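My structure is below; once you've seen it, I'll send some questions.
Chain IDs A, B, C, D and E follow the sequence of writing; residue 1 opens each chain.
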Amino acid sequence: MVSPVLLIAVPLGLAFAMPLIALISRRLPRFVPLVACAFNLIVAIRLIPTVLSAPVIQRIGGFSPPFCINLFAGPVGVMFAGLIALAGLVIAIYALSYIRTGPTVRYHMLYMLLLVGATGVVLTGDVFNLFVFFEVLCISSYALVAYFGDRNGLEAAAKYLIQGAVGSALLLMGIGLLYGLFGTLNMADIASRIGSVSDISVFVPLALIVSGLGVEAAIFPLNAWLPDAHSSAPSSISAILSGIAIEVGLYAVVRMIFTVFGATSIFMFLLFLGVLTVLMGELCAFAQTNIKRMLAYSSIGQIGLIVFAFAMASTISLAGGLFQLLTHTLSKALLFLAAGYMIHRSGSMEISSLNGMGRRMPLTSLAFSFGAFSIVGLPPFIGFPSKFLIVRSALEKQQTLFTLLLGFVLLGTLVEGAYFFRVVQAIYFKKSGDEPASRSLAPALPLISMLILAVLIIFVGIYPQPVADALSTAASDLLDRAAYIGSVLR
Amino acid sequence: MMVELLLIVAFGGSLLTYVLGKLSSRLRNGFALLNALALVIMIGMLYGQEFERSLPFGFLGIQFSIRMNMLSWFFAATILGIGLLAVLYSFRYMKGKERLDYYYFTLLFINASMLGTVVAGDLLSFFIFWEMMSWSTYLLISLRGGGKAIFAGIKYIIMSLVGSLAMLVAIVSLYTAFGTVDIGELAVHMQSASLGLALLVVILFSITFVIINALWPFHTWLPDAHAEAVSPFSAILSAVLVRKGLYGLFLLMYVILGFSFLDRLAVGAISFSNVLAWIGAITIVFAAFRALLQNDSKRILAWSTVGQGGYMVLGVSVATSMGMAGGTFHILNHCIYIALLFFVAGAIEHRTGGIRDLDSLGGLIKKMPVAFVGGLVGIFGLIGLPLTNGFVSKWLIYKSLILEGRPFLAFAAFLGTWGTILYGYKFIHNIFLGQLPDELRDVKRVPFTMAVPIMVLVVLVFLFGVLPGIPLSVVNQVGTYMGFEPLDLNVWGIPSESGTLNVVNLLAAIAVAGFLVWLLFKTLGRSTRVDQSDNYAAGAAIPRGRYGFTREFYAPLYRIVSPYVKDFPDALFLWIADRTKALGGMTRKIYSGYVGSYVMYIVLFLAALVFVQLTWSPW
Amino acid sequence: MRIVWLFLSPLIALVAGVLLLGLSRKIMARIHWRYGPPLLQPVIDIIRLFSQRSASHGILFDLGIVVSLAGSLIITLFLPFGNIAPLSGSGGMLVILYMMLIGPLGIALSGGESGNPNASIGISRNLMLAIGYEVPLLMVLLAVMTRYGTISIVEIVRVQQASTWSIASWPLVVSGLAYLLVMPAMLGFRPFEVVQAPQEISSGPMVEYGGSYLALVSIQHALSLYITISLFVNLMLGGSGNIVIFLFKMLVVFVLFLFVNAVFPRFRIEQAVRYLWRWPTLIGLIGLVLVALVGR
Amino acid sequence: MSFLEDYAYYFGAFGLIFIGLLIMLVKHNLIKVIIGLSILDTGVNLFLISVGYISNGTAPIFCRDDMDPSRMVDPVPQALVLTAIVIGVAVLAMALAIAVRLYQRYGTLDLRKIKELRW
Amino acid sequence: MRVFLSLLALAVIALGIAMTLTDIPFGKPKADIATHYVENGREDTGAVNIITSVVLGYRGFDTLGEVAVLFVAAMGLGAVLATGTRTPKANGWEPASLVLYTGCRFLFPLIVLFGAYIFIHGHLTPGGGFQGGAIIASAFLLTYLGCRGRRVHEAWSSAVESLGGLTFVVLGLAGLTAAGHYFLSAFLPAGTLGQLFSGGIIPLIYIAIGLKVGSELAGVIDRLVEESQ
């Protein structure tokens, strides 16, 4: 059996080794993320059958929980880790030729550390450890947003940093209060003691932690950094931020609420928050003329949808939410990657500058359309099964409120469809301006990465069964607090 | 295995067409035609079979299944038949245009998806095919490029998305309620369903089907889409794609719900069928007058498609054998003559270099006789003159309306027909009659591969008009499948007690009378053939070429009508879109760019959480 | 017997129509304090016209006329004439309504081919006028059909003869009133004589016709007079089992509208449509609503 | 007074935290905001430390073998604070680096004027 | 307005936190976990300094993350402030006086030595890798302030950084393979309590951390100094 700790340790070791590798040859470091992600992907895939039957508890340092930090490699965690590795791999392939200027070695190092941070967050079973890895994730993304060092990038990074730092401080305050209340930092241990103090005392740390993590998870109204950061970062980083970073933040929120606090009563609030996030995100995106900003706002909408699904807190809705998360990771990554090269080609982020791209960059445009269709939830793309599950879970509640909220969410989807289809049309059917319609493909490597994502989007869209099965196991893992506590504090 | 094979050939063929197109355009065309032909032959072999079978795979735990019965067969046959003709027609029409591989691929893909919707045996696969149909259609509508086409495409896909979201909710509601989406099983389960659920499902489904069938007030996508698509595709859109909405209604009303249940869905006089019928009636009248106001050949036809959909719905919602047969038969007839008309309009467009504006056409009768015959016959069918197919189906619809005591609905239907006469004549007159503009002096004839589909359809219009018994026997089987009494009919028409229809008598009478008059005319009259523009005008000369009365053909009527038949739904939807955008513009102002505010949001969010908990402690 | 009537009834209609045409000119002249042409002037005209050469613009130009006349002739087979209606079993009112289209449509197509703008104007006016009067007319017809629960005109006549004339029965009297109001428009009489308007657009659709064309068109015109009045008589005045009485009823109706024709000036097409869509439509609607409320 | 005595450290810690937050909320200068952030971090660290304090406790180091474990303060918050300080430093360094670059690009540190990205 | 709103919001939050704090009495012994650490820390990890045993033993994984955070910061700083060229531009600043210059150079090895002492004795006395590293970095800072123009050799510093991090990870992974199949488990003999050579892998890790933190912080300072020139 492979140990889940390898998922964190090996990439981290490789990241540490990169300066040395860079001393040997400056061309080598860019391949290190590929190796690390491929390794992680293999490990994660090998772990999945194991964790589907029972979660793997990896005790760091060999002490028994709650005295040590433990990794909790449950179905959710390992699938997340696999997803991170997958997205990381694809985007790393893309970045091989996309990132040509600037301190490229540092880019790849930071990129790997971002992935390490994300993997750490999803695997850890300790509140403070989560904070630490969360910071690894955040700080590397601050730096990566500013990577090009242009006006927008720096401004976005500064704003992102300020908001992120406030979020981290709130999170740390919450963790401090938790430690003060329970004298332990182990999630399972806290979860088992959560009933021993008064409601308000539990609530304040919960509020602090939700607000703190919510900043990274881009829940409305904590998401003001997102459109700036996602639109100003290099496209590969936008893809990873949109595809991985906010999802991981969301995972952390969900893990906290579901497992640590078991705060079932806050779900209704989250439900409304989710719907609000959907509507806000989609409406703002609808009014955008900047393609990357539009995609960024669309991410907010998607996050709202996922929150909505999670907040319904049934096995199906959680599976749907996780599925939607997968959808969003793959599709939004594909969208950002495709948009990245189209922007590269046209030299502008305005949607109108993408006119006629279908002729100039046929494959990239095709990839973009696939991503757009998938995000909107059209069959036979991956977005459909996830949307289907979410709708199903909402209707299975058999309550007018849920049906009504579902209506609002679908309204958001409608708006989303409107702006995505607008862009697809611009790409294919609008005449480009003065530039001659010469055909040019993006370089091979980005195309390969887009192709991988597109194939996945279609394949899972057509044959979602295994994924859905695995995700419903994962959903019950998230829902079953007692099992979590039991398996850790055995 | 035939149906599975059908789907595989349809989808595989579309993909293969694309691949072959990269090799050679000739190969691609040949293969596309062969593929369409093979599909027609296969569906022909499936005639009369009835079975339902689950497929060996599924989706998220839901078993897929396929079914074949007369209802499916009827729709599948129309789809594939028109598909074949459209492919043939496209060869010359699309020649020299850009992105032909894409065009043929999408065209065949749409056909394949439509085929999928009608053979789907469960609602989920129905939905999946439906959605594939929607987005592939969207990808083809704007093929021509240009602002209008793009607007048409976006309009279509948004409305279609509204519909499909509604349908998704409906299907999932059924699934959560009964644990199955198989049509056959649902039909059984629905009988025990609660009224609330049934109402929800019916309303949601109806939204979808009304949108795709372009009934008022959700018709607004159609005129744009049909007018702006390339003509062979307009034909497919108008003839078969739009009618998927009716297929859905059939499925919903008569296969899944059934009569007895439909009767329960009523509050006093307001029943589902009544509402539907009134929507149909409004659609007919509204569309007829809107069509009158158009000046674009394809837009007129598009509006007529809207209107004819109303007839079908009227017939279907009356729910007598006769109304049902009329509605169903009208689907077939409309599919024939509207395809014919779009082919004609396309041929004109093709030969005149893209002119669709009726104000600048005219006098083409001598230049394009085939197109003229096609257009004339098509318009006759559209109006429903006796001896054309449209007559029989409209006769059935009118009659069932009158006999059921629905004079107002019948009035709407009649009025629509008179509107149709007006714009139909305008279509013919402004394109083919009157003076020939100088620019069109050297217009060529319709090319052969475009003439063949036109002539085939012309023959069909008359064949089904004179021998309505042949198609009606199929229609009868469709009706029987949905649980209606079969209509009493023979090959010439419908013998029944309260008003019969005997087309052959009509034919004989017209033939004899025509012959006699012709004889009289030929024996007594002597005439000299003169040029078209050799005209008498009270002794004054008429300037050639610039004195055609095609401009503003019904100008006085426009002045009366136009204030009342504004497209209010369209304006409303555009307003909503506009407001949504404005709302988006307003909401995003909260992201003011000042980071202090952003931090404030975070703090306020936290404070609000704490405050609520401290005050009311809800959590 | 049926075969005989099949050929005889169009003939009678033809004769009656031509006579009505002649009568109209005579009566009009008398109202205007003129002497007027002889009663048989139309017959003479037609015979003369057939002997003249004329110009043709093409096949459709010929065919349109033929179809138009043939269509009109056939309608007479569907209309009960006294108690004779040879083909009424083959379609009923709906077929009549449709066949009534063939006449104007044939002329419209034929005239359209000529490329004469006056013809086009006339046709467009004709069609506009048609939609103008069809709105109230359809209401009336539907009221009648709904009231009697049938689409067979023979049946309608039979019921009327068994009870009372439609125009004298409640609630069809309202519809009858509307019908009376639209009759001049259907007949093409003033104030609705906008289609031909000889002084303005040189007889409109007929402008290009000469010789045998004009003859046929005249016959068609005569027939359409006959058809229109006969339809009114059948639907509203109870038809008749007796040919003579039937023709007498027709004569009375015709003369009535001839008086109207003689004393009114001409509307513009716009005014005509506006008028038709106002009062007759309103009354027709009331009639239809009443019928719908009262039921059979 | 016992209340104040019992909670004095908390007052100090949260006082710093709220001062830091207030600075971030109302100041427009990026450097001042970063200072506020720093104060906020310090406050949080102080709070963490004070959570683990035991009255009259000793450092949890066995300088001699005979020290009383029960009087030692909680070592965990100290370890946490060690980490938190490093993280704070990292964030601070990033913030300053970005501020330096931002100033070069915009020529100002006034956040009200650095508003190119909005809506 | 803004200030008022801020104060109001903060007051609400403060009230909430105050209510929670009533459940966290100040200065009272509480957590049984802490007690467990204090009582068993020496046996479990072989470190006399219980904080060290927590930092590197019980919560060693945190420390790995912490090292990663610092690494990220250094790298990120480098990425943001990347100037492309490393040649310091000539500036018109006055060179330091001889006294300052000599003093700094004299103090430099002493400070480094002190830093090394701190991290080598991390398991015995207050201090550890981070503290020691910070002290070493302060030596570099002093050099920058006093002896302008002297710079850290980048290749060396990044090699040290890299090796330090690698050592940590490799030691952790060695634990995975060697003993008990746990990451970061103490697979080296604990030795005699209180001796310099005791505590298993703890001193090794602290040395690695110390060097790494030192070079990283020095690098950060170096970057910022360079930026200011």
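Just so we're on the same page, a contact is a pair of C-beta atoms (placed from the backbone, for glycine too) under 8 Å apart; a residue touches a chain by one contact, two chains touch by 3 or more.
Every value quoted in this text rests on a predicted model; they were computed, and no experiment measured them.
Applying the stated touch criterion, the connected components after chain E is left out amount to one piece. The set of chains in contact with chain B as well as chain C is empty. A centroid comparison over C-alpha atoms places E as the chain most distant from chain C.
In terms of C-beta pairs in contact, the better-connected of the chain pairs A-D and D-E is D-E.
When chain centres are defined as mean Cα coordinates, E lies farthest from chain B.
Centroids built from CA atoms put chain E at 17 Å from chain D. Distance from the chain C centre to the chain D centre is 98 Å, each centre being the mean of its Cα atoms. The mean-CA centres of chain B and chain D are about 68 angstrom from one another, to the nearest whole unit. Taking each chain's centre as the mean of its C-alpha atoms, chain B lies 73 Å from chain E.
Listed for chain B are residues 585, 588, 591, 595-596, 599-600, 603-604, 606, 610, 613-614, each touching two or more other chains. Within chain E, contacts with two or more other chains are made by residues 2, 6, 10, 13, 16-17, 19, 21, 24, 30-31, 33-34, 37, 59, 62, 65-66, 69, 72-73, 76-77, 80.
Multi-chain contact residues of chain D (touching two or more other chains) are listed as 21, 24-26, 33, 51-52, 74, 76, 80, 83, 87, 90-91, 94, 98, 101, 114, 116-117, 119.
Here, these are the chain pairs in contact: A-B, A-D, A-E, B-C, B-D, B-E, D-E. Interface residues of chain A, counted against chain B in their complex, comprise 158-159, 162-163, 166-167, 170, 199-200, 203-204, 207-208, 210-211, 214-215, 221-222, 224-225, 227, 263, 265-266, 269, 280, 283-288, 297, 373, 376, 378-380, 384-385, 387-389, 391-392, 395-396, 398, 403, 406-407, 410, 413-415, 417-418, 421-422, 425-426, 428-431, 463-465, 468. By the touch criterion stated above, chain D contacts chain A in their complex at residues 17, 20-21, 24, 30, 33, 37, 40-41, 44, 47-48, 51-52, 74, 76-77, 80, 83-84, 87, 90-91, 94-95, 98-99, 101-102, 105-106, 114, 116-117, 119.
Remark: chain B residues 57-61, 127-128, 131-132, 134-135, 138-139, 142-146, 149-150, 153-154, 157-158, 161-162, 165, 168-169, 172-173, 175-176, 577, 580-581, 583-585, 587-588, 590-591, 595, 597-599, 601-606, 609-610, 613-614, 617-619 touch chain A in the complex.
The touching residues of chain A, when paired with chain D in their complex, are 128, 132, 135, 139, 142-143, 146, 149-152, 154-159, 161-162, 165-166, 168-169, 172-173, 176, 179-180, 183, 185, 227-228, 231-232, 284, 287.
Only residues 585, 588-589, 591-596, 599-600, 603 of chain B touch chain D when the two sit together in their complex.
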